[in-house]
Amino acid sequence: MEKFRNVGLIGRAGSQEVIDSLIVLKRYLVARGLTVVLEQEMAEVLPEHGLQVSTRECIGEMCDLVIVVGGDGSMLGAARSLARFSVPVLGINRGRLGFLTDILPHELEWKLTEVLDGNYTTERRFLLDTIMYRNGEPIGEGSAFNDVVVSSGEAARMIEFETYINDQFVYSQRSDGLIVSTPTGSTAYSLSGGGPIMHPDLDALVLVPMFPHTLTSRPIVVNGNSEIKIVFGMENQIFPVVTCDGHDKIEAEPGDSVTIKKKPHELTMIHPLDHNFYAICRDKLQWGNRLFE
Amino acid sequence: MEKFRNVGLIGRAGSQEVIDSLIVLKRYLVARGLTVVLEQEMAEVLPEHGLQVSTRECIGEMCDLVIVVGGDGSMLGAARSLARFSVPVLGINRGRLGFLTDILPHELEWKLTEVLDGNYTTERRFLLDTIMYRNGEPIGEGSAFNDVVVSSGEAARMIEFETYINDQFVYSQRSDGLIVSTPTGSTAYSLSGGGPIMHPDLDALVLVPMFPHTLTSRPIVVNGNSEIKIVFGMENQIFPVVTCDGHDKIEAEPGDSVTIKKKPHELTMIHPLDHNFYAICRDKLQWGNRLFE
Amino acid sequence: MEKFRNVGLIGRAGSQEVIDSLIVLKRYLVARGLTVVLEQEMAEVLPEHGLQVSTRECIGEMCDLVIVVGGDGSMLGAARSLARFSVPVLGINRGRLGFLTDILPHELEWKLTEVLDGNYTTERRFLLDTIMYRNGEPIGEGSAFNDVVVSSGEAARMIEFETYINDQFVYSQRSDGLIVSTPTGSTAYSLSGGGPIMHPDLDALVLVPMFPHTLTSRPIVVNGNSEIKIVFGMENQIFPVVTCDGHDKIEAEPGDSVTIKKKPHELTMIHPLDHNFYAICRDKLQWGNRLFE
Amino acid sequence: MEKFRNVGLIGRAGSQEVIDSLIVLKRYLVARGLTVVLEQEMAEVLPEHGLQVSTRECIGEMCDLVIVVGGDGSMLGAARSLARFSVPVLGINRGRLGFLTDILPHELEWKLTEVLDGNYTTERRFLLDTIMYRNGEPIGEGSAFNDVVVSSGEAARMIEFETYINDQFVYSQRSDGLIVSTPTGSTAYSLSGGGPIMHPDLDALVLVPMFPHTLTSRPIVVNGNSEIKIVFGMENQIFPVVTCDGHDKIEAEPGDSVTIKKKPHELTMIHPLDHNFYAICRDKLQWGNRLFE
């Protein structure tokens, strides 16, 4: 008997590669006798598909498995909208290997057979909830799978803020902003800002200062259950901005504060048995390349 | 005979410390029999001063020496407006030592006597001219003493651009932007972004990538006479922004290009004889502090 | 009734400050009616002390509390020798604040009263065991509280090695070596090599490459229960060296391997109630100092 | 008429690729009617060559052009021994592109024809002289094309020293050591230690601290004509070591000093007309690879 009977297909339909993968996926899943539900955006690029079409939320509720077709960016969006359902997700990349979408088009049928036959590993990854407060009242919120970035909103422009971790004062910082990243996000923006790589099973957050005016400000790794609070100085002359995974922009005023902490629901990711975080790092970060002979 | 007969006073009058220094300066210079010219902004905070008041440009033209009272930011503005005149400048800080304003209030009279008596060193520092082009036509320009920052305009948002140095293609980069800094700017924003410190007498520019998507993108130091050209990709979905010393924002469209090169006129800075770049670094960067015992 | 009845005093007796603190400590503890046991080294600098003298191991076995007088280096040694006993330790610094020795001489009596009255916090910190293998047989071992450094033994000389984490291949690296650090060590050598600061309660290790030939080699933070294995390439022309907290040098031959993992026993550290990791960081790393105005 | 009549062949004969290139080179040069002089080491791997054999020094004196076959390391050695002669050098790599040996085996004949026909560019690069002093007397010296590394000699072990630039005190530093690099060396060890890339035509040196105990110690770029002096503290418990291009180890005692400055003779490198420093950077540093999509 099939473990996954209802399979949702979601993604970002921006390229022929995605459509090609969708056609292969649909044929394969239907032939296997599974019920396939298409998200609206996918349905539009797959004419005469003859499948059920639904919203992402309904897919999250009704399916046993969701397959995300696209790049890591597609998986970020899927994670934010699906984490509160218990449905596991599987990522298929359009072309090259991603940190989150780790099945390539040419290995699609073979790897999918493996997974649907029950030969897979699961991995639980946490997300972040961020809430902005003004005079003690929440005025905005957002979800992030990779990172929450608190900044001046403008490039090369500083803000001043205080950081607290579990209500302990950490520092008053002048910088372009602060990146608060999950292990998932540690190979994304945080890494380009000098943060460490964190293994996905690590229960930790990293705080990476952006262009800090204090040269001794370094990335700090803290327990994943920590609550990070950022309080914007009253003397800021510009309105700070908080973004989640580069989206969901929330604008702050001087004196506002932002809390960032783990979301109550985690995302379950499904991987083929040969999935290996370090192998993806070796590929994406070109660890085989050497400067000298 | 006095070497400097007409002395201009300019700065940013934001604090009591500046006013205090101005009062001391005025009394000292007048007592010495020198002609003192106040910039408008300074005149406003110094009631009943009885001195000639003038624009910054006229001060640049008529004076033999300009004294800048304020922080390093005040000197940046003074440098941009005075570089095209041949007048030398001297910086007095409001409170603590600056990289550019290296006379402290408590040593004002003593150091000034030294300088006016002819006991000083001069240092020539170059500035940058930046011009933005659209379809081959210049559409905006700016001057910088510290740095030209080319970015997406928004924090944590990437742009894609090509960099050329003296018409040689360097790289196509995806990043939050690029800092092009003079030696003067190498201890400012560039340093907080991982750039090297460059001695002020070095004839060089440094290009520092901001959150580059390619981890092997490192700061590059090139000859100070190089022309840097940045071409914005047509596929940018946002309008890149160029700022000079954090001001003079110029907005670009996809396909525009920006050239950055040394300004024809240099600024002459005057320092007391005991001025020492490394001593300022030791003080400002706390080189005496150690992590371990 | 006293919670701690038998108090051991250990440390490194290299300065008058240590002797001064010892005299204060002895008088205070004896007056409080406690049994004080001196380590041999301390006894030598404290003539006519009239106290019991013992080895560090016996102190570990018989005492309820051990007070370490010295710098962070003294605490490293104490941690390595005392971790296998369940005795908690308290650190008193000779002069300035340490990350591990967080009571200052001038606050000694006041803070000690607090602790002995039962008003303190405890913190459990893990150490590392490292074992070197040749042809499958262990040929050397060491303990570390801060870090295990695997290197060429010589500065500016590369070795080639493979790294495995929990038997998963991570990379084959050419570099001067690798630092494997605990959270405790994350503010020491690892930090000067570009590693992140890790909060002491984090259950994690960080691997920091030393001068890697691959520029995309970045610090990696992994679960504290990971087993790190390093295998030296057969083609190394020099004999790699492993050091633990900068001591316990073990020399390897090409083809040897080293495993590093958490020690079964943790060290219990005692701190005054106002102890705060971030406050120590602010002090030691001068987080209040700013580059710009 | 031939511009280069006497061509020396030197290199490191460690592989079949080098021998293959040597055979092609010899045939090509002899066919062109040029006088070819082999260095001893090359002669040994090329039996029955029928060519004149000579020392490296005689080659430097008698030849109009020296071709170096090998990797960048071979060019370092050639540069150190040939810089004092005015002979230009050309580098042929064994397999992959080098920063200094920029002709590949498969393009050997074509590029060589270009160069020998007079179609080439020349580039002048400077080297460093380093002298160690004890009680004011020189006790050792060395030459470097890439870098002079001053260190504890041991990995992960600190020394304490004072640095002076043109007799100006810079800092007293505790660290594993200091790298002083030329622009040529800026893409080698210095880069792996966080130093900037410097264009080869830049007249500058960079000082890169190795694992500094002061987190605000950053790479410093200074004028290429600067004299760097390093004075070892009397309290060092270990004997510092100075290496030039990773060779020529000179051992110091506490209190000794080392001066590093530009060598009077520069090396002339010859490149094919399409040689481009940034193209080599793009290739070696994989600037086309991106972390994100």
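To keep things simple, chains are lettered A, B, C and D as they appear, and every chain counts its residues starting from 1.
As a convention for this text, contacts are C-beta pairs under 8 Å (C-beta built on N, C-alpha and C of every residue); 3 or more make two chains touch, one makes a residue touch a chain.
It should be emphasised that the depicted structure is a prediction, and the values quoted were computed from it without experimental measurement.
Comparing the chain pairs B-C and A-C, the larger number of C-beta pairs in contact belongs to A-C. The chain with its Cα centre farthest from the Cα centre of subunit C is B. Here the CA centre of subunit A is 36 Å from the CA centre of subunit C.
Computed from the mean C-alpha positions, the centre of subunit A lies at a distance of 40 Å from the centre of subunit B.
Subunit B and subunit C have centres, each the mean of its CA atoms, that are 45 Å apart. Along subunit A, residues 191-192, 194, 213, 215-216, 218, 285-286, 289, 291-292 each make contact with two or more other chains. Residues of subunit B that touch subunit D in their complex: 165, 168-174, 186, 191, 194-199, 201-204, 206, 213-223, 276-279, 281-282, 285-292.
On subunit C, the positions that touch subunit D within their shared complex are 149, 151-157, 175-177, 179, 189, 191-194, 210-213, 215, 241, 243, 246, 285.
Here subunit B touches subunit C in the complex through residues 71-73, 96, 98, 187-188, 191-192, 215-216, 218, 284-286, 289, 291-293, going by the rule given at the top.
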